[in-house]
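Please read the structure below before turning to the comments.
To keep things simple, chains are lettered A, B, C, D, E and F as they appear, and every chain counts its residues starting from 1.
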Amino acid sequence: MRLAVFVSEYREPEMLERLKAEKLGIVLVQNGVYHAALKKDGNVSPVLSKDVEYYALSEDLQSRGFSDSDVVDSKIKVINYDGLVDLIFNDYEKTIWL
Amino acid sequence: MRLAVFVSEYREPEMLERLKAEKLGIVLVQNGVYHAALKKDGNVSPVLSKDVEYYALSEDLQSRGFSDSDVVDSKIKVINYDGLVDLIFNDYEKTIWL
Amino acid sequence: MAIKKIAFIVEKLPYKSETSRLALTHAIASQTVEIHLEDGDNVEPVLAFVGDGVLNCLKNQKALDIYGVSSLEAHIKNALLLDLRVLVCKEDLEGFGLTEDSIVMDAEEIGGEVTTQVVPYEEIQQDLESADHLMFF
Amino acid sequence: MAIKKIAFIVEKLPYKSETSRLALTHAIASQTVEIHLEDGDNVEPVLAFVGDGVLNCLKNQKALDIYGVSSLEAHIKNALLLDLRVLVCKEDLEGFGLTEDSIVMDAEEIGGEVTTQVVPYEEIQQDLESADHLMFF
Amino acid sequence: MGKITIGCFSSLVGSMSLDFAIKFSDAAVKKGHEVDLWLSGNGTMLGKKGQSKFRDYSYLMDTVMELINSGKFKITNCEACAKARGIGREDTVEGFGVASMDWYLASAFSTDRILHIGGE
Amino acid sequence: MGKITIGCFSSLVGSMSLDFAIKFSDAAVKKGHEVDLWLSGNGTMLGKKGQSKFRDYSYLMDTVMELINSGKFKITNCEACAKARGIGREDTVEGFGVASMDWYLASAFSTDRILHIGGE
């Protein structure tokens, strides 16, 4: 399956380690964008340690005081709501909100 | 100060490590009672590792399927709402709800 | 004529929010969904408890006596009575030192015939794959 | 004649719930509490940001432009404008790799005179001790 | 006998924090204490008229009314929080106060204990 | 063009999950997709009449009305969840549907994508 997992909190969701999918995308939204924009004690978030696609919602970064270029790893694609709609309809079949 | 800290969630509150008080009591309520009643992978919760007073709310244990005698450590006093009222008025001056 | 399979996955604790209660009530609503659909079409729900969510299944929840609110235990019994497939993650149950004796395994006293299935996470993952839609609570 | 000191400690993130917003609006309400009290009586608030709560203080929050809801940044500026004591935990700020440059330190552009104080947690602990009441958000 | 001020903030309906606040208030009043209960954020929904008594949802109004009638219990909704949600005075259960946020601080001024239930 | 069914469950007002659901719906409808939005738990408060437009509180009704008028957007409150909170049909904004929980599953049956926003 092609599965998009929304991470909406700034802590590592327990389920994330377990979920498997042919194509897996992690979409950082709401407080999930802190994973994309901050290091803690110098370390990037463990949420970013998987070999999957990463996206962060631009509107939620900016609301919280970050700019799109503040993402800590270039593998994270910054997208807006428009891009998110396309992503869900074109690139993934199922979604999970954590 | 004499400080009663309410723990209402089943995860370790970050602040707990930091709070200092002459007399410190940890009151496990709502989902906080899981710290009192469960071990995870055989270990008691790190919330129970402090040298302070511990209380767990009987009504919240029982709502979740536990009996008062299910507490994993005898240092935890099981109290009901009546006892909690007395505790707050008689034994502590300030409270924090985490 | 089609059957759409929806997986309701519960990983939240029972009483902090309404989340897991709403999982149960929505899964049970599959019993009446036919009236909105064409002949022969239907929805097939599967309920899976994972992570902390397995604690929804504990026996002897006194929420109704104490707080006047129906227990998750009662909701799970309803689901079994209505022949829903109810899965509980074996690894997570064991992680809490719990066994089948600790949880709601059947609804015999109200006439239920199916039982809860304690299964390895791998089986739940297969249900996620085969479901048409996922709802995480 | 008495002054009661209330410590408002914010450890939640800004936009997931209303929690930190309500901390700010209630702390600011101390400006009008006198009308309910005897002459000479008053409430003295202190606002402290700790843990993840320090992220409420980041500059350039665009919540108003994007979601139509006032930013926590704007609320903190209001608090400074009204001469509230605003403390930010130094260790937590540094843990995120942030400095005074990253956060709201003053409300000069709206006429504020006091500034945010970045202090070691130990100082915040002292405020918890000297406060008459604690409110954790 | 003492006085306690409880604040229930940003409480989810269904979170059991309102249930906690009411059960605690009931126990305190029965012991002869006075209780001020301040509802803010989503907690203001407790004051909405016409709530239904469903089994899947804790129904607190009977106990609240008993408490109000005891004369030792004041319950007050945050005016702005309620209005934002479309709950004006005419939509608020009789016996509930409606006030601005300084009410909570004034109550805190003259109380023996504060139990501020924040969280989410 | 496709259809997406969004469920917003147990959402705190003030949690930004409703904001997310409405902004996403708006973007989807503008691209020509159809959206069904199901509100359950505290999410049903979005349908309450008479909400005020305060700056400290996101006000979504203008966008919701535009979406309803687009003809490509259905928004439906869970009847039981709303009633429990004292929000009956007469108290619900015009244009909102009110239905039992099987509505959500029926919408899920015939949709291309589900975005179920659970959490707390």
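In the analysis below, a contact is a pair of C-beta atoms (placed from the backbone, for glycine too) under 8 Å apart; a residue touches a chain by one contact, two chains touch by 3 or more.
Quick caveat, the model's predicted, so the values are computed rather than measured.
Asker: Give the fewest steps needed to get from chain C to chain D, where each step moves from one chain to a chain it touches.
Answerer: Counted as steps through touching chains, the separation is 2.
Asker: What is the set of chains touching both chain B and chain F?
Answerer: C, D, E
Asker: Most remote chain relative to chain E, going by C-alpha centroids?
Answerer: Measuring from the centre of chain E, the most distant chain centre belongs to A.
Asker: Farthest from chain D in C-alpha centre terms, which chain would that be?
Answerer: Relative to chain D, the chain with the farthest C-alpha centre is C.
Asker: Would you mind pulling out the distance in Å between where the CA atoms of chain D average out and where those of chain E do?
Answerer: 25
Asker: Using the average of all C-alpha atoms in each chain as its centre, how far is it in Å between chain A and chain B?
Answerer: From the centre of chain A to the centre of chain B is 35 Å.
Asker: Please list all residues of chain C that touch 2 or more other chains.
Answerer: Expected reply: 15-18, 25, 52, 67, 133-134, 136.
Asker: Which residues of chain F are in contact with two or more other chains?
Answerer: 10, 12-14, 16, 23, 41-42, 56-57, 80, 114, 116, 118-120
Asker: Listing for chain B: what residues touch at least two other chains?
Answerer: Those would be 8-9, 30, 59, 94-98.
Asker: Can you work out from the touch definition every pair of chains that touches here?
Answerer: Those chain pairs satisfying the definition are A-C, A-D, A-F, B-C, B-D, B-E, C-E, C-F, D-E, D-F, E-F.
Asker: Applying the document's contact rule, which stretches of chain E touch chain B when the two form their complex?
Answerer: Result: residues 2, 4, 16-17, 20, 23-24, 26-28, 31, 33, 112-119 of chain E touch chain B.
Asker: Per the contact definition, I'd like the list of chain E residues that touch chain D in the complex.
Answerer: 7, 9-10, 40-42, 80-81, 100-106, 108-109, 111, 114, 116, 118-120
Asker: Looking at the complex, which residues from chain D come into contact with chain E?
Answerer: Listed in rising order, the residues are 4, 6, 12, 16-19, 22-23, 25-26, 29-33, 35-37, 41, 43, 45, 133-137.
Asker: Okay, in this complex, where on chain A does chain F touch?
Answerer: Where chain A meets chain F, its residues are 6, 8-9, 29-30, 59, 81-82, 84-86, 88-89, 93-98.
Asker: Sort out for me which residues of chain F touch chain D in the complex.
Answerer: For this pair, the touching residues of chain F are 12-16, 19, 23, 55-59.
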